[in-house]
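In the two complexes below, chain A is the common chain; its partner is chain B in one and chain C in the other.
And then the complex of A and B:
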């Protein structure tokens, strides 16, 4: 087969696949669609091991799978996407692997910084949730730069949890709340000294809503589904506060194998339990 | 998808971002939208009907497997190793939790299997109220809500071993964390007031501090190794976050169709799990 024929065939196949994909998305969109999807990208190392590749290759393929999933989610109209990129527990791994992951994250964040114009054109906002001080300096700076450059966007919200733990997020919220109340208490004290009326901000009990305001996820709705690939059944300290009425799914494929058909299946499963979850959310709201 | 193919796909599809608005509403120019809507709706319904049929078939197969497990015909489930399960938690949908017969039967099964510690959770506190009369008499303030309910279970046949039962509800979840946060904050603010007023020290509470605070407000408790969810969906319904970090979560289906074999299978599958804890 000559090269022009090959190119034409590839072009036709690509167009056909695109059409099929659009049809699948159109059918899925008839039912209740997701507002927020979260991924625990598990299985990169196993993927590399099974295929006798270098461990790092698994993580790189995982990144490609992430970008593809982001594009599919965007096409489906999912507005919030959150991924568990690096857990605080992952620092316990072999130092060489941690170093590799840090370098990979720095490389990918810098690539995204180079494509800033594209990202801003589609109004994608990128957040980094976690204790950024635990990252190496270059990664931290790159992450802060990317967050700052997309902060004004109001389209797709892509949140990367790194390095993140749900319990650490809760403690961080408590610390911020304490600092806020301390400041209010100081202002009250000064207000009292100057004869101004005091408010009761520092004296009321802390509520769930107060803690919500200081979570990294403040401003994002709770996830509709959390997908953990490679079939593992635990959350591993991910979004424990935010997943009260979230459908937890654990499909068997490893993260680099996660593709449109797995995503479509996940959405179909979610649509089956949607009435139950909505009912529970409404009941919970009524009780507040 | 190979790496090169994936990268090529990504390179091809990025223009989607550039030129078009979110394309999730797909319009064919030549057909009226009402007909298109009807076609999409019909396809969607058909897909869900097909999934439901497959689900029914797999449910029937699962029921058969549970029957075989209960009868002891499947060898691998005969000698269950429960050494790794120190704490088991059960999340029940609050509407199903009112079915006291099923709850007691479930507890009896777990006792028979040799589970030593069970934590029952439902968001509305139905289970707490259910076991409240027997708990009030023997509540040990120091150890929280732990209680030996062999008295409750002894009434059922075939249950001889002692089992510790804990009942928690939605108020022990986020609200419990808020109470603990309140405790920490008051300690901090009181310390701030009694110390040097002009020195602004940042609060640096750690996860250990939070865990102690949770224990002080009565929301401490062991982290379950395994959580069984009884309800229509695999959803933890607000189970206390601090106790859910590395817990294996398994969905068991509705409580009304619970099976002894399903519990055995879940415990067996758990015994085969291996956790890295982040490593």
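And then the complex of A and C:
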């Protein structure tokens, strides 16, 4: 059960693999490189089941695959990576599995905090997108600590969606925007009573940009591709607002099997349709 | 204010979260699972399809008309006319196989950027299609609805659409929704504006807004009969692997089916393939199968 990055660090085979990796990355860099990849990391449990492993092993191997993908993306010049780590719907799973996942997340977050080699290598800024109040207290604190300790980094931006639902994100943005408008209207009303002129802030029509400002993803460009592993073709309430022009891919490998060659293939697919995607984006943006 | 149709209310067997948070958004997923499609006798279904696992609501992104026409050296109008026939066939099959609702993405808000000649042709085509189809809708029990930003549509098309909606209001065999000048993001924004107005008027507070209430403000939830705003299956033709701003909120849990077939060529075989693919999917809604 070796981790992918460990096998690459020793021996002739490792050197050869490193050379091949550099070649693949060099070839890909001839085409347009994407700025933002999002992953729906599906298939951890099935991976363990198929190999008759203990159920939690699949998730652990999935984490290794995630770190490996992060490093490959960084080498290729991808600036933003977003992953669907835990959906709000996943709370409906068996309580023992939910607890295991919470403990695993806490363990891995603390590992990143303590070891820091991955973070330092890619100068990673880590965000957590989701309602952190839904997490158990130790996980929430660890997540907040990790965000704070990487806030000043200016390299790869790694956004972890947990616990997350796109519909919750939209409703949260609507709540905040409505509250903001109500407060502005209230201040204007007080201002009017005191004889000050209204600045019309509460009455201007709400726009796409206004809602965008309150999304967790504000400040991050929309994903260029969303990759959902294990062959399932649905978004499962992930980044619905942000994927207007995103290229959707659903390769068959289960998430722990996702490797450099799958990533390279995904990028090649994107580069193939890039001119058409860009043309449509330009036309669409005229109407936004 | 419309009574918002909470999926949990219409489908009581769906589990809800037991979280005690004050926020009620942690409830059943916004879209119910596919159940048995009513109406169709098993004998009407082609081999390979099972009535109990058909989607109740299918959405189609009718992409590829222009490319189809270009491949034949014809103007895009030719492709759009051919696309009309493909839609009519899809409506006929949906009704025959007992699919409860069909939503077709006829014209997106982004399509206003197309050449004026093409846009004018399409507006005329929509009006002709709706006019020509009303009698058939009445005969076959099809209820028509048009969603989208109607303010940009020609007045005659708006009138035709409203009259057809009115005439077919009491039909119940198939709900056909045409999305014309529709944008998923704009739908979300208009729902937000509507709620912000209610907050401003003191009718509710921002904390009252949950997923169910929000979903009730979307265009697809308008009309007292709308119980199936969310597609179980979303089909996109012509090989485009994108959602392109269609039914953004409503397709949260939709199974996606992408086919390289251009829309005018989409027929019974392609529809069958999409439905068979849907039947083989394992829909978990974030949970595990028991």
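Basically, the second predicted complex is superposed on the first by the 271 of 288 C-alpha atoms of A that agree within 3 Å, B and C clash if a C-alpha of one lies under 4 Å from a C-alpha of the other, contacts with A are read in each partner's own complex, and residues count from 1 in each chain.
Assume a contact is a pair of C-beta atoms (placed from the backbone, for glycine too) under 8 Å apart; a residue touches a chain by one contact, two chains touch by 3 or more.
As the structure is a prediction and not an experimental result, all values here were calculated from the model.
S.K.: After aligning the two structures on chain A, examine chain B and chain C and state clash or fit.
M.R.: clash
S.K.: Which of the two partners, first being chain B and second being chain C, lies in contact with A:67: first, second, both, or neither?
M.R.: first
S.K.: A:170 in the overlay: touching chain B, chain C, both, or neither? Say first, second, both or neither.
M.R.: Both partners, chain B and chain C.
S.K.: In this superposition, which partner touches a larger number of chain A residues, chain B or chain C?
M.R.: The partner making contact with more of chain A's residues is B.
S.K.: Figure out whether A:51 sits in contact with chain B (first) or chain C (second), or with both, or with neither.
M.R.: Touch partners of A:51: none, neither chain B nor chain C.
S.K.: Please work out whether A:27 is in contact with chain B alone, chain C alone, both, or neither, and reply first, second, both or neither.
M.R.: First partner only, chain B.
S.K.: Contact-wise, after the overlay, does A:133 reach chain B, chain C, both or neither (first, second, both, neither)?
M.R.: second
S.K.: In the overlaid three-chain picture, which partner chain does A:118 touch, first (chain B) or second (chain C), both, or neither?
M.R.: In the superposition, A:118 contacts chain B only.
S.K.: Taking the superposition as given, does A:259 touch the first partner, chain B, the second, chain C, both, or neither?
M.R.: first
S.K.: Counting contacts the way the document defines them, which residues of chain A are shared by the two interfaces, the one with chain B and the one with chain C?
M.R.: Shared contact residues on chain A: 87-93, 166-168, 170-171, 174-175, 177-179, 181-182, 185, 202, 205-208, 211, 233-237, 240-241, 243-249, 273, 277, 280, 284.
S.K.: Along chain A, where are the residues that touch chain C in the complex?
M.R.: Checking each residue of chain A against chain C gives 45, 87-94, 97, 131, 133-134, 165-168, 170-172, 174-179, 181-182, 185, 202, 205-208, 211, 232-237, 240-241, 243-249, 273, 277, 280, 283-284, 286-288.
S.K.: For chain B, which residues are in contact with chain A within the complex?
M.R.: 1, 3, 6-7, 9-10, 12-14, 16-18, 22-26, 37, 40-41, 43-44, 47-48, 51-52, 123, 170, 173-175, 177-178, 181-182, 184-185, 188-189, 192-193, 197, 200, 202-207, 209-210, 231-238, 241-242, 244-250, 273, 275, 277-279
S.K.: Show me the residue ranges of chain A that touch chain B in the complex, using the header's touch definition.
M.R.: 14, 22-23, 25-31, 33, 60-61, 64-65, 67-68, 71, 74-77, 87-93, 118, 121-122, 124, 166-168, 170-171, 173-175, 177-179, 181-182, 185, 189, 202, 205-208, 210-211, 233-237, 240-241, 243-249, 259, 268, 271-273, 276-277, 280, 284
S.K.: Which of the residues in chain C come into contact with chain A in the complex?
M.R.: It is residues 15, 17, 19, 21, 23, 25-26, 29-30, 109-110, 112-114, 183-186, 188-189, 191-193, 195-196, 199-200, 206-207, 209-211, 214, 241-245, 248-249, 251-258, 281-282, 285-288 of chain C that touch chain A.
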